[in-house]
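Letters A, B and C name the chains as they come in the text, with residue numbers starting at 1 for each one.
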């Protein structure tokens, strides 16, 4: 079975004092071995919540619903909390955005790395340490044995993120969800971390979901991409298709917004998306969503228009 | 040379007679902080800005590029007069700013910051925030200040219904507009933009960049645009200066910089620019040497540990910023 | 001006901006917090009682009636409704003295905290804003103040002077400022590094203006919480000092004094110290609930 992770019509609802919030609606995707799925969207579009919903890490006030949600054949909707906790870190791991806060400052790096394998597997501390050193080296950290004793505050942001990646890999997971792993890093470190992730994936065949608002990164690291807006998927397909022939006005608008050296004319107005900020979708008390936010228009100004060549594409576009 | 909107031929400023109109000049500016790294040892010296010399002409947009810890934020605060130089001098339209009152500087240089959430006082209304510089200078009556604030808020495109709102009710892009209105209300000549779009969504970033460009053309402003995003700099700036560990390592016009960068760090930065390209690859894996400790910088050229082309001279002698071509300065032993 | 510059002006507004106003959110949060409601109502009750004391009871709290000393309250065989809670050693109506005692507690509580607030906030904000040597000095002052024993100082002052209502307020006020100083100093330090302070400096604002106009409004929420909890502490402090004879002087109707005077009757007529004790407990408890409730409501709001 090639499908590692599959979701059909994933929904998230959050009950707040102001009403019922519906931040993720009808999200469907599938991820195969060795594939990278990029989830792209701006803040508030629900991409992070989607990944938390898959991991079962939603806040208590949030409810998850889906027609289908499975990881390597195992149904995640019916699973109990303890089994889900076992899966987390073991079969499916997550890398977060903030390297400053995702590591516990009270414990050494080695301690945290070894703990994640020790807790899940039956291996002893010695073997776990060996694997930790191997992974630290694999992620490009120099003098890995001495790093085990170091504490997070002694490491730079780039190093911490590599430690996070090593930690995610400790238990040999099948899927990794990377939620904006390079956003908080410097540009040069960012490039290195991305190269590292791509190499590791090629070597181990792990399926990866890469969440980002940076279209440049996603276009280069993902084979499939999913564009989200206001909780819904508005366009999905292979990266090549979506980026060379974007069909949904939001995708087109996003691509027009970005200045690209050599392509956008310097000193001119960039394209923009004319809309209010990414609206939160509220459900009325009856459960049906309220009328949509402002209809979007996309203005292509100044940039060279993207070429359109009609072709059959395995993907879909949302209603616009 | 194609003319850009606004009629200014930015590729050759000297042709427009702008050559001698130097708005801002930094002469060997340095700033040292003393930080206590260990409770019982003496304080260490952190050279945040090291012997920086720059010139900014009227209507130029100088893109200041560097990664975290390179000193660009400290430089911004020095230019605003909020921080004083340890050595060196900053000249505003020919006259030194040291010893000048905050009022003198504030009517000529104003900032726009990166974080729209911390650059506005959450307890004040938008109109009150926008008119703050006027209030500080005691200009006009309250009614007149309000009128000017509203005029400026309209100019930056903020909807009228938000003039009495609090910042918590505004989106990131709207807050940045308020920050821009506040910066422009005294009609300063120079705006220091410290990563004004880095914390914004992609589509909002485009709007704010468009706004800044439009205001630049309409009001004839001069910008120092600090950013780590080279794509944005390429789009908006006329000149580029690259900072590393407090020093300027390369400075050139935008065209020259993006066509033939000379400094190895500049090349690394350019290689890291990832434009949306499904067929483009990713850079290969390199071991993380990371940023050096600013209180204990490497000897000689501070970049040499990360430089693939370092020579023996690079480990011993720090290169000076020298002119290597027309309007092109470089601090590297390899090019000379 | 080209369109691309001002898209906000042409934004199509959503049909109805769903989402409730901030005021409604705040109100909902207040109503939902039981501790806050209970605490506020009890405190309000005490305040009203204190305000309308002359109307509630027609006795004079200072009016002695030596023929009717130490009368029992109404539930005893020989009590009557003229003095529902009996009379004290001087024949004064006990209920009246309890009612007027609320005035003493509340006035001293609020005034002392007002003094503490002014001193503490000034020192804390100045220290947090200017840092360096000034901060060091203020830290030193705070540490010294914290190590001073209230009782001994009060004793010393009382032995030198006659002691009075105002003096009690000043003593409690001067001992309570450290809480404000610590809180405002740390908050000011946090705010100081935010961009809008730098923007205000860059705009040409004087330090004075920045402190008043930018920092103070942001420090206020925490100050309010510290103040309400401080009032509780001040009331307790007054009670304690008066009990020890170092507080207000008789014949002022202070609950602490009443407990002191009733000490001797503790086993024979327990109601003499029971009632003031219960009232002290109730008021301080309510004040704490109020402070806690305010803190709960303010902190999620303060978090942007």
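For this structure, a couple of remarks:
As a working rule, a contact is a pair of C-beta atoms (placed from the backbone, for glycine too) under 8 Å apart; a residue touches a chain by one contact, two chains touch by 3 or more.
Because the structure is a prediction, the values reported are computed rather than measured.
For chain A, the chain whose average C-alpha position is most distant is C.
Across B-C and A-B, the chain pair carrying more C-beta contacts is A-B. Averaging Cα coordinates per chain places chain A and chain C 50 Å apart. Averaging Cα coordinates per chain places chain B and chain C 49 Å apart.
Rounded to whole angstrom, the centroid-to-centroid distance between chain A and chain B, based on C-alpha atoms, equals 31 Å.
Across the assembly, chain B contributes 5, 173-174, 207, 210, 213-214 as residues in contact with two or more other chains. Taken residue by residue, chain C touches two or more other chains at 2, 4-5, 7, 11, whereas all remaining positions touch fewer. Of all residues in chain A, those touching 2 or more other chains are 269-272, 275, listed in ascending order. Those residues of chain C that touch chain B in the complex are listed here as 1-2, 4-9, 11, 22, 194-196, 198-206, 209, 214, 217-218, 304. Across the complex, chain A is touched by residues 4-5, 10, 67-68, 171-174, 201-207, 209-210, 213-214, 228-232, 234-236, 254, 258, 268-269, 271-291 of chain B.
Within the complex formed with chain B, the chain A residues making contact are 42-43, 140-142, 156-159, 162, 186-192, 194-196, 198-199, 213-221, 239-240, 243-244, 253-264, 266-273, 275, 277-278. Those residues of chain B that touch chain C in the complex are listed here as 5, 77, 80-82, 101-103, 105-107, 109-111, 113-115, 117-124, 129, 132-133, 135-137, 157-159, 166, 168-169, 173-174, 177, 179, 182, 186, 207, 210-211, 213-215, 218.
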